[in-house]
Amino acid sequence: MAGTYPNLGEHVVVQDIERADAAVIKGLAECGVATVHEAQGRFGLLSEKMRPIYSGARIAGSAVTVSIPPCDNWMIHVAVEQCKPGDILVVAPTSPSNAGYFGDLLATSLKGRGVAGLIIDGGVRDIRDLTEMQFPVWASSIFAQGTVKETLGSVNVPVVCAGGPVNPGDVIVADDDGVCVVPLADAVSVLEKAHAREAKEAQTRARLTSGELGLDIYNMRERLKEKGLKYI
Amino acid sequence: MAGTYPNLGEHVVVQDIERADAAVIKGLAECGVATVHEAQGRFGLLSEKMRPIYSGARIAGSAVTVSIPPCDNWMIHVAVEQCKPGDILVVAPTSPSNAGYFGDLLATSLKGRGVAGLIIDGGVRDIRDLTEMQFPVWASSIFAQGTVKETLGSVNVPVVCAGGPVNPGDVIVADDDGVCVVPLADAVSVLEKAHAREAKEAQTRARLTSGELGLDIYNMRERLKEKGLKYI
Amino acid sequence: MAGTYPNLGEHVVVQDIERADAAVIKGLAECGVATVHEAQGRFGLLSEKMRPIYSGARIAGSAVTVSIPPCDNWMIHVAVEQCKPGDILVVAPTSPSNAGYFGDLLATSLKGRGVAGLIIDGGVRDIRDLTEMQFPVWASSIFAQGTVKETLGSVNVPVVCAGGPVNPGDVIVADDDGVCVVPLADAVSVLEKAHAREAKEAQTRARLTSGELGLDIYNMRERLKEKGLKYI
Amino acid sequence: MAGTYPNLGEHVVVQDIERADAAVIKGLAECGVATVHEAQGRFGLLSEKMRPIYSGARIAGSAVTVSIPPCDNWMIHVAVEQCKPGDILVVAPTSPSNAGYFGDLLATSLKGRGVAGLIIDGGVRDIRDLTEMQFPVWASSIFAQGTVKETLGSVNVPVVCAGGPVNPGDVIVADDDGVCVVPLADAVSVLEKAHAREAKEAQTRARLTSGELGLDIYNMRERLKEKGLKYI
Amino acid sequence: MAGTYPNLGEHVVVQDIERADAAVIKGLAECGVATVHEAQGRFGLLSEKMRPIYSGARIAGSAVTVSIPPCDNWMIHVAVEQCKPGDILVVAPTSPSNAGYFGDLLATSLKGRGVAGLIIDGGVRDIRDLTEMQFPVWASSIFAQGTVKETLGSVNVPVVCAGGPVNPGDVIVADDDGVCVVPLADAVSVLEKAHAREAKEAQTRARLTSGELGLDIYNMRERLKEKGLKYI
Amino acid sequence: MAGTYPNLGEHVVVQDIERADAAVIKGLAECGVATVHEAQGRFGLLSEKMRPIYSGARIAGSAVTVSIPPCDNWMIHVAVEQCKPGDILVVAPTSPSNAGYFGDLLATSLKGRGVAGLIIDGGVRDIRDLTEMQFPVWASSIFAQGTVKETLGSVNVPVVCAGGPVNPGDVIVADDDGVCVVPLADAVSVLEKAHAREAKEAQTRARLTSGELGLDIYNMRERLKEKGLKYI
């Protein structure tokens, strides 16, 4: 079942997923969302509606995905058991909803298992508790409205979360800029490209700090003239 | 007039409203929005567009309600006089508007009277001053655009604010999760239910912290199986 | 070309713009957005969608304007060279877009030139870096999605940014309440009016603090009665 | 139970509600939303997000209200039985949701009972079928996403629908301008006021058609001059 | 006063504005929004939130501009007198508001004077009547909520309407695609460019109809290959 | 390359895609979006922001997918060549944008090749022409703003369009309710399930028409009682 989107009424929990190397994940976290997103060819950025509940967190981890019916958080309880230390839970309702699927009790449970954070295209509550316990969440909504536990979904199947495709085991990178998804198979090469990008940016930053202009560093003047820009 | 929505062109100020017991109000504040909302059967939550202007505040108080024409803040000045220490002003424009109805001068006046905070389905300004003086506001908008003082409204009549019905004297609970309205008549029983809920959650939290799974604590495995969830 | 909106395919960089007096600019910054906006007759406020990336900054400066194609940040690089110490860059895409036009490298370059901040009706990224270096930005979006460098725009021409007309050299005032534009020719008189307003508000604040009601300070009771307000 | 909002977990169906006189309802339908809304002092207009699924319908009827959990349409089936000819079903989810609660089968059932139309602060589907059968719906969303039938709500209790308070038996007026709620107790007097307004508007319309200006008909010139308007 | 934005509390009615030639206006109407917008270098398009209240209308006319306080339609009555046959009224509230500023009585008055239509960054009501009398309106909202007549604005001053700068006498072009503003001084040259564009598009359309591909007509294949597009 | 999302800077055109059987596609079109979506387990519905530019069209066809940079429509020209009679073009910008990527010239070209319609998570223009030529489009925006032709994308690779995953060759079903995606491999079985659903609904419709209640047809009374619903 892994590898295809859930449909036709089947509800599954895939228990054994592949994860990226811990060092690679750590490296991607340090690079941050903007760099990683550029490094992988501007692919995998979730919608800008995904905002952190508090600022300053920067994490990466392996996606444990949850396809969940709208206004029903039952499957999140199921997903907790599938999480390993360092994982990030990715929750995607099958229909848009701002209900508060997640609060401090679930966070306590996830934190106890070493889960690094939560990405949810829906609502979250108990913001004050989550901030105090420093459990980072990127959500499309803050809303206290509760959910029910009536309908099944699936765990560790491909999902679309906030406009981005996520497969179980993909590396999630999240910080104040938002959330980016790195496909598992690309994690190593993306990290390399991100490091190369960082090295190059460090050089550029030094030159900009010394007063050089981007116009000159990037050799833009000629092309601007060709395109017809007039200085007056 | 109290007890019915204002209409047909009558504009009134109801000067004598009933309030909940101060200890009950204090208890509800300590429980917070998410718990109180669950405790009263998921009733009374205002729209998620109501956000605090700074994080960390958690208050409760008796609602002094203001039905106000759009882009006109005259009646807020009228309402100030009706406020008693610990009250919360609840301002509901009769037509949606993001105008900046409220700023630091009105806050100075309210704070001087011991008012606990403001709930407004509209705009607020002087954010920096309000934050410095620690006068908490939950608003649907931050906008410096001023308002006029031309048209009457009513004070202490039933209003709908951000989607929720509010009667004068209802207990307002507000924190980082949003705003919840507890009907005056239900305040005592809701507090009891909220305390019961907190006690139960404390137990659950302890079990979750010790590593138990919600799946087991809530006895979910059987029902999941019956519904057809497959582990693979 | 200065003085007219860019159109008909001409792309220009106006290199020599007039700026307001530094002391006037400083004075407007101290008054803040809400006061300045009221002082100039409620003109020039940008849309409430313009939010600061971190709270607490309050700046003013001369506008260096950039008319930019959607999803293309080439002209920002061109504009950097036109900025002088104390200026504020005002970036207006010609079509709405939330792309991340601006990040830490451009901020490094602008900060090195003494630029006070950025106003952009579009997206910004590298929020954590910008916050650490305390380079204030008011933007309509936070989004890591990159842009291209393919199409020309213009620098220092009149633009409409977030609903407000901005001419090069206009004074931009920005704080937690949003962004306000003071036309260059009005800067001195607006500052005078703002100071007068502040003086009057200080008196009012003192009276409110001492417990007087706005109803009495503003002599509202008579007019409320005439309009038909009933106390019950 | 009727007369209070549903909460604390009680779920009821109130079977016997009072309705306005059929002639009054018919009269209000003929006046239309804008006139009725003005006639009752600009009270009772639902949010502008409530749009008709096809244009041209103008109806009025007695509200049969449904308080419904988000993403769950079970209680609509319960409500059908409570509807009488000429009624209008008013569906208010307790939490915002755009799910498709209603389609052609429910419309068939309602139409068979003589129900005049549906007002729903949520989604509707089978638009083509509903249009063909000319069953008018005002909804906040068009969305094919289905709902579940798991959780109770209440029928014929007070609800807030799209920002407006609705009591069972209130008269709903709906046309291309939106939806307006007339409290049952006010229906007769509002109709009188609406008729008076229509008569006056007919006179004004005749004068405007003959070329007179509103400036003169409404005697505005003097007051404009007093306020300081300058013609140049 | 004409030529500057209204501010500092002055309120004026400019009675004598320049208008474009009737034949030029008619020509621009026939070209339509998309063509005119391209022909003038992609300048002057209003926000996409401006939608026609019924489809199929395509008009052009000289702008009579109205700067209006939020939720107050007094100045529209003043503006009617300034309109000449063929004009288009352009109404821009100084603060965003969806109130229903305009209905069938004002339309009757404008239609009687030969006004071609209305552009309003706000709400409109009496949709059914306006459709029946075929008075076209492009508005950001349909909402029955009424407005007051208390505060002055200005007529025939520069405004920003729905994100676009409009000067009195500018040519407004509006159809199902939206609304475009042609600066008065550019009207003749834009019409020429629009006609040239139409001629060229007619040729392209003929070739496309005959089965030729845009890839070949526009000679794209070479450049695509250079950029690295791979066919597999 | 087919089968993975485009990233890492590779841009490809996959020329040979598998398509569903024409009879199956025709059958799915006749069932319509709501039925098909239910039949495949409520999977594959695109966001409700996808609205038809005119009402009444109901189509199905094989997806030719286009991954396109924001505000750049170059790849649509490339995609035209890959379309076969009966196909539906599915255009997904890699970053959200409301630009007008598509107008009557591209429609002329597509219609000439027998393409059934367009699905685009972006803007479309020339609405009047498209309506006249009856070329159906489901778009998230109507906007005349043009795009550039500077940056590559890919054709016939997996995309996420308006929140839904689409693979080349998937069957797209679109009508007034929105847009649904049927995975190619499931098309036959989904059609069967849709037909079964239609047969069952026909029976239910007959019973409802005869006056039976859903409460009885679906045997709901018992379960409602068990859950605690009280009739009063």
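So that you can tell them apart, the chains are marked A, B, C, D, E and F in the order they are listed, and the count of residues begins at 1 in each.
Rule of thumb we're sticking to: a contact is a pair of C-beta atoms (placed from the backbone, for glycine too) under 8 Å apart; a residue touches a chain by one contact, two chains touch by 3 or more.
What you are looking at is a predicted structure, and each value in this text was computed from that prediction instead of being measured.
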Joint neighbours of chain F and chain D, given as chain labels: A, E
Centre-to-centre distance between chain F and chain E (centres being mean Cα positions), rounded to whole Å: 32
Whole-Å gap separating chain B and chain E, where each centre is the average of the chain's CA atoms: 42
Interface hub residues of chain D, defined as touching at least two other chains: 10, 42, 45, 48, 94-96, 98, 143, 145, 151
Touch-based graph of the chains, sorted into line, ring, star, complete or other: other
Set of all touching chain pairs, with the criterion as stated earlier: A-B, A-C, A-D, A-F, B-C, B-D, B-E, C-E, C-F, D-E, D-F, E-F
Sites on chain C touched by chain F in the complex: 69-72, 94-99, 143, 145, 148, 150-151
Chain A residues touching chain B - in the complex, by the definition given at the top: 1, 10-15, 54, 74, 77-78, 80-81, 98, 100, 103-106, 108-109, 112-113, 123, 125-128, 131, 141-146, 149, 151-152
For the chain F and chain A complex, residues of the former touching the latter: 4-10, 40-45, 47-48, 94-96, 158, 160, 163-165, 183, 186, 189-190, 193
Chain D-touching residues of chain F, taken from the complex the two chains share: 32-34, 37-38, 42, 45, 48, 51, 55-56, 58, 175-178, 180, 201, 204-205, 208-209, 211, 213-215, 218, 220, 224, 227-232
